[in-house]
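Given below, in the form of structure tokens, are the structures.
Next, two complexes with subunit A in common: one pairs it with subunit B, the other with subunit C.
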Partner chain A sequence: MKSEYDVIIIGGGATGAGVARDCALRGISALLIEREDIATGATGRNHGLLHSGARYAVNDHESAEECIKENMILRRIAQHCVEDTGGIFISLPEDGLEFQAKFIDSCRAAGISAEAIDPKEALLLEPSVNPSLIGAVKVPDGSVDPFRLTAANIMDARLHGAKVLTYTRVEELIIENGRVVGVKTLNTISGHRDEYRAQITVNACGIWGRDLAAKAGITINMLPAKGALLVFGHRVNNVVINRCRKPADADILVPGDSITVIGTTSSKVPFDQCDNMYVTREEVELLLREGSMLAPALNHTRILRAYAGVRPLVASDDDPSGRSVSRGIVVLDHATRDGVEGFITITGGKLMTYRLMAEWTVDLICKKLNINAKCTTAEALLPGSSTSTNNENCKRTAVSVNRSKASAIYRHGTNAEKIDHSTATKRALVCECEQVSVGEIEYAVNCLNVNNLVDLRRRTRMGMGTCQGELCACRAASVMASVGKKCAATAKADLKNFIAERWKGMAPVAWGDTLREGELISWLYDGVCDLSNLKSE
Partner chain B sequence: MRYDTVIIGGGLSGLICGIELARKGKQAAIVATGHSTLHFSSGSFGLLSKDSNGNAIDNPLEAIKALDANHPYSKIGADRVAELADVATQCLNIAEIATNGSTDKNHFIATPPGTLRCCWRSIDGMLTSECSNSFDFKSVALFNFDGFIDFYTEFIASQLRGFSLEVSCHSVEIPELVVRRDNPTEMRSTTIARALDKIENIEILAKAINDKAGEAQVVILPAVLGLYRKDTQALLEKAVNRKVLTINTVPPSVEGIKMERALKSVFKAMGGTIFTGHTVVNHTVEDNTITSITTSKDVTVSAEHFVLATGSFIGGGLDSTHQEGIFEPIFGADIEQKEEQYTLIDIFEAQPFMCSGVATDNSFKVLKNGTAIDNLYACGAILSGYNPVKEGSGAGVAMLTAIAVAENILNR
Partner chain C sequence: MKQYSEHNFEQCTKCTVCTVYCPVATVNPLYPGPKQAGPDGERLRRKGPQFFDESLNMCLNCKRCEVACPSDVRIGDIIQSARIKYSAKKPGLREFTLANTDLVGSMATLVAPVVNTTLGLKPVRQVVESVMNIDHRRIFPKYSFGTFEGWMRKQKKAQAQYQKQLAYFHGCYVNYNNPPLGQAFVKVANALGYGVQLLDKEKCCGVALISNGFIKKATKQAKSNIESIRKATKQSLKVVATSSTCTFTLKDEYHHLLGLENGDIRENIDLAVRFIYNLLSDGNHTLKFNPEAPRIRVAYHTPCHLERLGWSQYSIELLKLIPSVELIQLESQCCGIAGTYGFKKENYKTSQEIGQPLFNAIEESECDIVATDCETCKWQIEMSTSKKVLHPIEILASALM
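What follows is the complex of A and B.
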């Protein structure tokens, strides 16, 4: 029996997107199905740290090695998603310097360059760092934009023939003779139901993978671990700041684009909360307290919003208590593990290792399908990345005459060429905080599979700056309506949704200027624009 | 420097209070940071527009009778609201801000996304209706300026078509603005309004309307018809030989800016003094009485009476920190409705912080540690006990409490 596809991948995070790309590059026909937009789960809810692996060096040599290798690969294949900020691990008086020696040795053993520098030099390198530091180690950390990275993988997968369905929920796995042979889906926008078949189905659903596996009668012992983070209103630091001690809560401060992120906490949460993550008061306090140990300026820096993601931790199969948790990559072949053919789960791991996770998964797929094709994802550049000397264009430039164009290049790399900035109208700025033009929005809507304003935000950063969408959301909604992607009524409902989503992240940190902004948003959208009276269809 | 009354805050409430005192012969001064929330004005004024279910209120005077005792209108006295509303209208008239509407019957004004929203008074020349779902004309031609993205033609057109209007959409290019648009942040409401202060640009606009509007009975434009000029709309109507109406844009609101200027100039014309760019940083107290205030520019002003009209959070009248929650930064006045959890996760629910504000007695004297400060009054958005957004009462409370405070001061 010929299947419609060779492989169906469920889950549009970095891992699923990576699997789809790897399949497509190896000539395996693939369909990716995502229940919401790409990068809506844990992929889009972390630091955006391009780990050097140093954080894992002491306790988890294997993860550290994986990280530094992938770090070097991403710098090459995803230039426009990565910023080479560099990182430091600082020791504070209460930490002592004991850990540092062991840390440097472990880093070097894992192939991570780690150079101890004088505290004074650390202060010159990163003036925002806590001046009471007693030691610092330089490592090759960086920052990575997970939305852009996922979008680039999706784009490449599609360029090579993969099909991608967003806003499509898998309602059922089709199981015939003990074999998963396909899925039954529901498009949550159109309400349309469909059926797709493939020889192999891949579960890349992160924490939601437990429920998917359960549809095949398979138990995966997962532990949802919530991690909360805070976004600060500007780039407090230019270099990633870590604490040189055993990994703990809120000890990484990452600059990214125009902001800085502190995180994370770690707490077990029940499965029924995974879809609605709210950051609590206690988490905000902890993040602020610990964060200001890294950079005291955080105490008086405006917090834009708070958010949280859920790590898909997997308990070892031979430990039913769930205490022995692996943070490493977990590939489960359910044929050998559970006697269910045609079904693979890829989970655990981290954003940094998404490509390697995809490689292992597709290696297994090839083995099962008897395909002899080598993985090329470590060499082939992602769309937007380039090898030309023009690369400097892709990097952030401090001052530029045409800022919106520079921002577009920064965000989309060589793909920025596809953005129409030929007329004043196309160049007009929709989002002034993040310099997003009408042209860039049209490009995102037409080429990057954008369904709504929240999707648009993930592709362009529109509404992610200091004003949190206060003025640009309305403009963007009307641009989307005029591009013809949406009728005016749905565009307005979408606008209401977007505003509600922005506030959700502001509410836990609403004091000072953020409360002021919240009041203004309320006045504008509930008052002047009267959106709360908008009857949903 | 000494005045009869010093008003802190130069927004709608502070200006109305100042005008009311000045026109009764008092020496009044306004100390203002210079950022008035009038720049966010919708072009309309709400007395009480919505009930607790979000439905439009037909007769605000009736609905006001049912408000809580702590509501600013209840402190004024529901029976006095109509009278003070007339005084507020007089103040607008004196400032030559032409508005329409009646106090016992609300009407509707078009919002930037094109819906109709209930209000008490609205600036003349804006698109309004007596009822929530129809107009007394049948066809409109909707015009926007090429490249202006703060006016949502698509939204407005679809909404108006829903009211059974025949709508055509058009774009106008004003050559002067083409140059301005090379800077991508320049194409904002005020830039266009400034261009339309020039007669030659009004003529270009009129010609474009005549060329494109066809048989449409009414022409609708964004509310950017001149920043200084008052007769743009009249000139246009004459040139295109039909009714020309406007719909507000998102901020900056040209109507709000014009309103602020008109109120300031009438206050000054009556002998009032405005200190612009001053933030109050210090004050002196004797016997439960404020004797003077000192500003960020090191100016000390003393007065018989002080009025706190510094607004809510946006205006800076209220502030908050992580540790202390909500507070009033100048006098440390008592805060009412200071919930520990003052935000709700759904922005479109009634947010508790919206009702927070300084505590006052029934004459709007500010309370500190439970005692009324003898010569310090509060008016406008800094007051507690009402939700301006959910009630659609922001402008009404701002103006009526300002007048009530002025009367209380004059009656002493």
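What follows is the complex of A and C.
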């Protein structure tokens, strides 16, 4: 592998992946380095909401405009990552209707279609909605799968020549004559240390970007804001439900793939917790209490798990106290800001605007490298996306008596064609809850840069269903071993790690059916596989 | 009664014991089994109808998955409801003929000898197979010349003599194919001091309409039956049926699959064997058995829907009370016919493979007669073994003085 590039991007979230793709499409040689797997930070730990921008319309006109533009772009370029569910903003009796008028005006001013509908019509549109609503506004919200979106960007970047290294930690920035010229890395799986050089290094590390900048002696004031969410066992709603009031805690309910997500909370956390966040009982209670105001059925729906992400909020440079937070996209050219050449930080923003963030970053890179190339990421389709719609793809297989095929198309779009379903063995299911076949697992392991079971879950949804890995984890471990990705010993350690990761999310909501499921998982993996007594290597 | 949530499917912990007990999954690898077709599939179908697949039509609705489930998931209901909601296969001539037991029965009984002889002819059955996709190896139940209802009209006066009364839900099979079973029930009821009357209006319970996709008609008939049973209930008349599947349909399927409210009458519907066993157990009722009755070795087969009702022990205990009967209890397993399921050409192989272990057990039991509470189990066993099949009530009636 070569060690010289035009650009090194650090951070494999949506933003980093977007920057790598944009660079690759403009012919700039790029290396992306991620310390874990792609989409492990804030990218994979949010609602998965394809914002229409309506939520920001009243308070943040600029963000709202960005959102609706990117919303329309993603529907086209990332069609297999997006579902056009539509969204509604409901007013409850305690909210009144005062906010609604202002809300509709602000939406329209930002170019977001917002149509007030009768509460009865809202109930027809989404039967799970709180029937005591007094008003509703229809907006073009949807859902987006952040794992798929990131994976598609990574795939396109690689197709166009970019290199991607996961499980690779940047230990040091190489600084020569006040200029960042490369990185020293450690591969956390093999233990290999390497050095890579580039004219420009991009910091796309989200909240962890503060620490990376510090390696170059640069201070970025960041405020880690934790957001906790709950995953319900199945789709409660088929339309995104928001509360039509000033944005507050737990007021968005998103149907994503086979589940529904409620969130989020918002609280400051210390930096040392960003790597390992737990959802507290108080957060669970708050999410349930507020969530059931949107859809009362949540009160008696099984909760699969709880998780939390960290928003990388950046304090405005012009406010030394660090209290005033910039909510928008922040591109920092450290040459002009701190006198350090060859180093750019891209942060702030949101999942929805990852592409725009990448565009601005690569525009700056082009300027610095004197390259005259236009951004095409808003037009070029991501791999898996096609000009026909997702639903059409799925409808075609409706009579094919094959749910796993329908599921594979839902997940991989046109790339589902690459999955080998030619024999009964390949069609056999590994994950029954999410209909992931042996063929799909093999495709993911061979083509989507999978190192372990948790990576595999992000690529396929294996283990994300009702049983949380109870039946599929050991089967998937066996497929990984059979394609030569793992040996028996590492497969078992991997299995233990996967089950522990699943349990971490179940523990905060372990009551009722979720607890019964947990018991059964523990009988299977402890009682049969004796995983607890596995000696760690 | 336990209240089920609308999200009953989410109680599933994926233990998969249902699939172990599924008779179809055991013999047909193309069927994904009740766990995947039921709770797993239901979760996916909430995403969109493209996640329904027609393999769900392989479910024979035996409900043995529900009996096996430790989490109280109504797996069979979930599968049947999904078929009702999503199946793109529209019922055709075959389904119409098989499902409309009332209509076909009332026409056939008028010309029973002709129908019976004709349907017995091999060339005719070949034609039936090619036109209707009903397997030519399947033997049709014989039609009776004259209905049970017709016979009952003549008994009205005699039955009214009894002080205690009950209402008998005879079902299509007793009415059109086997009036002697109804007559046996009347004999036993009378011996216990009960006069038998019919409901104001009895329609086919609709089980075949439901499984063949005629939901509108099934709902119409169900409503009519619920009304008639409600009327009987108000007159304090117990409603008793000899068929386990009719009983199960009236009690459970009306509410679970058709969404009809029958809670007020549910407890007033009883199965003949249970009703009689409970009378004999209360200390105030006895039956006089004929000491001369020939000794017979009876093998009892538990129908799936009786297993689901949880009442199979009543048939077994009742048969044990008959002095001339030596009872063999067969292992409870599906016979494979499942009403009209086994008649369909595409299901014939599955149907017979499911039943094979039962057929073997019956032959090995060296019984004289097989007893069961379900008419379609009777057809299947008589077609597939060398034994004759009777209802426990018929055996009981023939052993009386």
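The rule is simple: the second predicted complex is superposed on the first by the 523 of 537 C-alpha atoms of A that agree within 3 Å, B and C clash if a C-alpha of one lies under 4 Å from a C-alpha of the other, contacts with A are read in each partner's own complex, and residues count from 1 in each chain.
Rule of thumb we're sticking to: contacts are C-beta pairs under 8 Å (C-beta built on N, C-alpha and C of every residue); 3 or more make two chains touch, one makes a residue touch a chain.
Remember, predicted model here, so these are calculated numbers, not experimental data.
Engineer: For A:503, using the defined touch cut-off, is the partner it touches subunit B, subunit C, both, or neither? Pick first, second, both or neither.
Structural biologist: first
Engineer: Let me test your reading of the model: by the given contact rule, A:438 touches which partner, first (subunit B), second (subunit C), both or neither?
Structural biologist: first
Engineer: Quick check on the superposed pair: does A:530 touch subunit B, subunit C, both, or neither? Answer first, second, both or neither.
Structural biologist: The answer is first: A:530 touches subunit B but not subunit C.
Engineer: Can A:430 be said to touch subunit B (first), subunit C (second), both, or neither?
Structural biologist: A:430 contacts subunit B only, not subunit C.
Engineer: Quick one: name whichever of subunit B and subunit C touches more residues of subunit A.
Structural biologist: The partner that reaches more residues of subunit A in the superposed model: B.
Engineer: Contacts for A:475 in the overlay, against subunit B (first) and subunit C (second): which applies, first, second, both or neither?
Structural biologist: Touch status of A:475: first partner only.
Engineer: Touching A:109 in the superposition: subunit B (first), subunit C (second), both, neither?
Structural biologist: It touches nothing on subunit B or subunit C.
Engineer: Once chain A of both complexes is superposed, is A:491 in touch with subunit B (first), subunit C (second), both, or neither?
Structural biologist: In the superposition, A:491 contacts subunit B only.
Engineer: By the touch definition at the top of the document, which applies to A:189: first (subunit B), second (subunit C), both, or neither?
Structural biologist: A:189 contacts neither subunit B nor subunit C.
Engineer: Between subunit B (first) and subunit C (second), which, if any, makes contact with A:522: first, second, both or neither?
Structural biologist: In the superposed model, A:522 contacts subunit B only, not subunit C.
Engineer: Per the definitions at the top, what is the overlap between the subunit A residues touching subunit B and those touching subunit C?
Structural biologist: After superposing on chain A, subunit A residues 403, 424, 429, 432, 471, 516, 520 contact both subunit B and subunit C.
Engineer: In their shared complex, at which residues does subunit A touch subunit B?
Structural biologist: Touching subunit B from subunit A are residues 278, 284, 288, 403-404, 424-425, 427-430, 432, 437-438, 471, 474-475, 477-479, 481-482, 487-489, 491-492, 495-496, 499-500, 502-504, 507-508, 510-512, 515-516, 518-534.
Engineer: In the complex formed with subunit A, which residues of subunit B make contact?
Structural biologist: 40, 42, 54, 111-115, 117, 146-147, 149-150, 152-155, 157-159, 178, 181-182, 184-185, 187, 248, 250-251, 312-314, 316, 319-322, 325, 342-348, 351, 353-354, 388-390, 392, 394
Engineer: Within the complex, which stretch of subunit C touches subunit A?
Structural biologist: For this pair, the touching residues of subunit C are 5-7, 9-16, 29, 32, 35-36, 39-44, 46-55, 71, 88.
Engineer: Give every residue of subunit A touching subunit C within the complex, in rising order.
Structural biologist: Interface residues on the subunit A side: 233-235, 238, 257-258, 297, 300-302, 391, 394-395, 397-403, 406-407, 410, 424, 429, 432-433, 435, 465-467, 470-471, 513, 516-517, 520.
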